[in-house]
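Look for subunit A in each of the two complexes below; its partner is subunit B in the first and subunit C in the second.
After this line comes the complex of A and B, so read on.
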């Protein structure tokens, strides 16, 4: 059980991060997925600020600031700028597995993550690790699942970014002194991924009129056939 | 002993007196958010008063079930009230007569009779509403169960008075993921059971879209008043379980002194008002779900509650 207030608030962030991960699986709207991702990133930043305060670690302060800059501000802005607005207004986005089944699978993944990290948590004997590691791993697995199950480009991208959020959330607990350069590199990488996927999506949409991955399965020879 | 019996009675009176006010405040706040003026917060009192003074019309096709139902619907929330902490943080005289499961059974009994009475009338809309309520009910049941399992696992008890101590005993327990997930699951349950907007529209007047309301269409006079009042009390009781047992027992009287218990009344009302603001925010920012989407909504509540359970079972978390 956490004893200090920053640790207790960190566990609060952990619970909310798990909820946002579920919400990203459950929501049908593209806009909703992006919004939950922003909320999750804010929570991740809050958690790293809390741990920074607790451990007195400059790295974690920097990590929180990078998270805010890259994931809360830059990525949503980039996506908003690159993609036309009807992208965001779209509801009922296509999914390979329906939502109740997806939620059940997300739950199974969470149980799996808890089960998998059980021995590590028992070995670490650390409150923060015991909260962050299972939920971070659950975030990674649920993000990977989103990536598989969603059939639209933007929710898939958000799946990758959510995986990254999970990895960071576990990372700040097990390696608070991660070199800043690694964090910076990852943060810039993430924004670049968003730019590349955004541009790619825009081009695909301009050429084909759709970004549903399912309808991109056939390879045709002549460029004329695409239109 | 006399004191605790008196306080127990005071809890019942509190719930009876303020349930219509709670309903009035909720609808008034909602109207204010929608920039309408809306009726006074005391309107539910006037409605109940008016209905008590009206003649009762009972169809000769109905049986005793229809006649008894208003009384059962009215009395069951009162039974629950004596089991849960409404004003005091320490157990009162009937506290150990039943746990949270018993409370669930009592509320379920009221719902069961309301459903039977709706079928009893032969009105086409009544049974439709009753079957829909059952659908919501049986989807909500597993969530209730898992919430109780989690609570009993965390607090080693399902007696509400003991459970509520759990969340203040240790700050870590209050902020733990299990607690947060549990709260969200139970909040979704309250929305479903109370017939609030993502599941049901309590102010709708279109019979085909009704879930909860259509069961009461045939009642008139005293029966209608008791059904209405009972429904409002049920919702206040659910809110009290949520706020006082599951969220935190802040504001409850800690000592048996009479001034503490009296001071608890406004504090609990403030707490309920804050919850009403949350509820109004939810209700005005969401649209009513289609009937077959309700299973998804309660499925999400189920997932959340199971996540709470596993977060409380696994070591360290």
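After this line comes the complex of A and C, so read on.
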């Protein structure tokens, strides 16, 4: 059970992060998915600030600031610069799996994450770890699922970035003392992912006139039996 | 200092390629930087052989036997591939976009070199990610619909592995931190304190990193991006991709395996053997039905990654030696294979095996090179891959893993048949149409000859420094 107020608020953040992950699965509009990602990143930073205040840790203060700079400011800006606005107005009609089934699957993934991390949580005897580790893993799994189920390029990219958020949410609990240089490098890397995938999406659209990643299916031959 | 210069030079070269007045000289800049880097890597390796370790900044930039070997391989392939690129990229590519290609090429070289030179595992994760990102841009360079598709598949499948591996590195840091009470994390430190780390956490971290980086090494079942990317990328990039880009993430997995082996639990070895054999098996059967010769060499990469993984999983001193020699031999042979594939593509303009007949009559040079490199990559004696595969199999017999050895041997033979059957049809017979053979650029000819030299040489004679480096590298893997 949470013992201090920041820890209790951190648990609240964890719940909200999980809800944003579910919302990304359920949202059809591309713009909506991007918005939920920004909200999730703000929550991640908030959780980091709360724990920084609680543990008096400079590392976590810096990590929160880095998260805001990279994920709340830089990535949306990069995507806006690289991609014309009509990208965001698209609605995805055909999803691989319909939304209620997707939500159910996301729920199963969450329970699975809780189950997987159970032994570690029991061994750690730490309130923050017991909240962040399972939710972080659930974030990774749901992000991976978004990536597989989505057909548009941008939601797929956001799926990857949401996985990254999940890893970080677990990270602030299990590796809060990670060297700052590593945190900074990881954050720059995440922004670079957005730049590179954004560039690629732009080229794909210029050449093929679509951003439906699912329409890319020329390269299939002998490997068909294995896919 | 050499280690830092080795990382700084490709970065400076990339920057120079970006500057507008220098863009016309992008190839020259790349050539110069990659060859200087190769010289530096040789120097670092010589130091490592002499003293066992090369430390530029303690805890940050260090090289031991294993990293020196990987540095040497990366710099060798990127230097030769840049020579090849000079002649190859002039055909069918816009002259005024080439600076973008070379800029990225230098950045990729930087990221590939950074992985073995960094001593801090979390920064290694970042470097591996950078490799992926620069590769995406190079694979999609041609901007044809199939190249873009390959780039997209590659991006999604391999970037997806990144957060999974990141969580693995966080768990590793957690385990190390609780065991040592806040010491600076390095590969060396991890190995020394492995015994006191929480085994469950260590296992979790290894599995996460294995899943995340296994996708990047092209291990089955996450190999599907590999044949696409390796067949669609410009050929000089293919040589780098197949030769070293797959080896480098595997290097990280092997590093972590050595940490796991230094801790009391030993069950993970069997796990790796199974995963390795699955990769070899899938690749072997796909090699029988492949229709595109660049894809053929790509599947052979999956096969060899599986063999290296299996050898490392056997975890004896002899099999570790086999694993690192296989790493060396695969890299030099596979890069040769892609140079030859690029030469054939330049001459004939097709990637389909079916439409290549009687190559020997059209271009004896390309045909004999193809025959040589295919025999070498398939593992025929007296080529170096035969030697390392043989040493892996015999290490397996000595470790008492007869089932593993039997399966591996059968799969290697199947892969051999698959490759040689296709190559045989390409080289011999009558040409279907009298195709006007395009003239080969001098730089391409030179690259094929220069890359073939070590492949032929190492099969007959292993120079003592190379042998020593291999032994040092094998001892880092921590087999018993």
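As a convention for this text, the second predicted complex is superposed on the first by the 216 of 227 C-alpha atoms of A that agree within 3 Å, B and C clash if a C-alpha of one lies under 4 Å from a C-alpha of the other, contacts with A are read in each partner's own complex, and residues count from 1 in each chain.
The rule is short, and it goes like this: a contact is a pair of C-beta atoms (placed from the backbone, for glycine too) under 8 Å apart; a residue touches a chain by one contact, two chains touch by 3 or more.
Quick caveat, the model's predicted, so the values are computed rather than measured.
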Partners on subunit A (subunit B, subunit C) - clash or fit: fit
Touched partner set for A:160, first subunit B, second subunit C, both or neither: second
Contacts of A:180 with subunit B and subunit C, given as first, second, both or neither: neither
Contacts of A:192 with subunit B and subunit C, given as first, second, both or neither: second
Contact breadth on subunit A, by residue count: subunit C or subunit B: C
A:58 touches, of subunit B and subunit C: first, second, both or neither? neither
Which superposed partner A:136 touches (first subunit B, second subunit C, both, neither): second
Which superposed partner A:121 touches (first subunit B, second subunit C, both, neither): first
After superposition on chain A, the shortest CA separation from subunit B to subunit C (Å): 19
Common interface positions of subunit A, toward subunit B and toward subunit C: none
Residues on subunit C engaged by subunit A in the complex (per definition of touch): 120, 122-123, 125-126, 129-130, 133, 136-137, 140, 143-146, 148-153, 155-156, 159-160, 162-164, 166-167, 170-171, 173-174, 177, 182, 184-185, 198, 200-201, 204, 221, 224, 227-228, 231-232, 282, 286, 289-292, 295
Subunit B contact footprint on subunit A (complex, rising order): 1-3, 5, 7-9, 11-12, 14-16, 18-19, 22, 26, 99-100, 103-104, 106-107, 110-111, 114-115, 118, 121-122, 127, 129-131, 134-135
Residues of subunit A that touch subunit C when the two form their complex: 119-120, 123, 136-137, 140, 143-144, 147, 153, 156, 160, 163-164, 166-168, 170-171, 174-175, 177-179, 181-182, 185-186, 189, 192-193, 196-197, 199-200, 203-204, 207-208, 213, 216-219, 221-223, 226-227
Subunit B residues within the subunit A interface of the complex: 170-181, 184, 295-296, 299-300, 303-304, 306-307, 310-311, 314-317
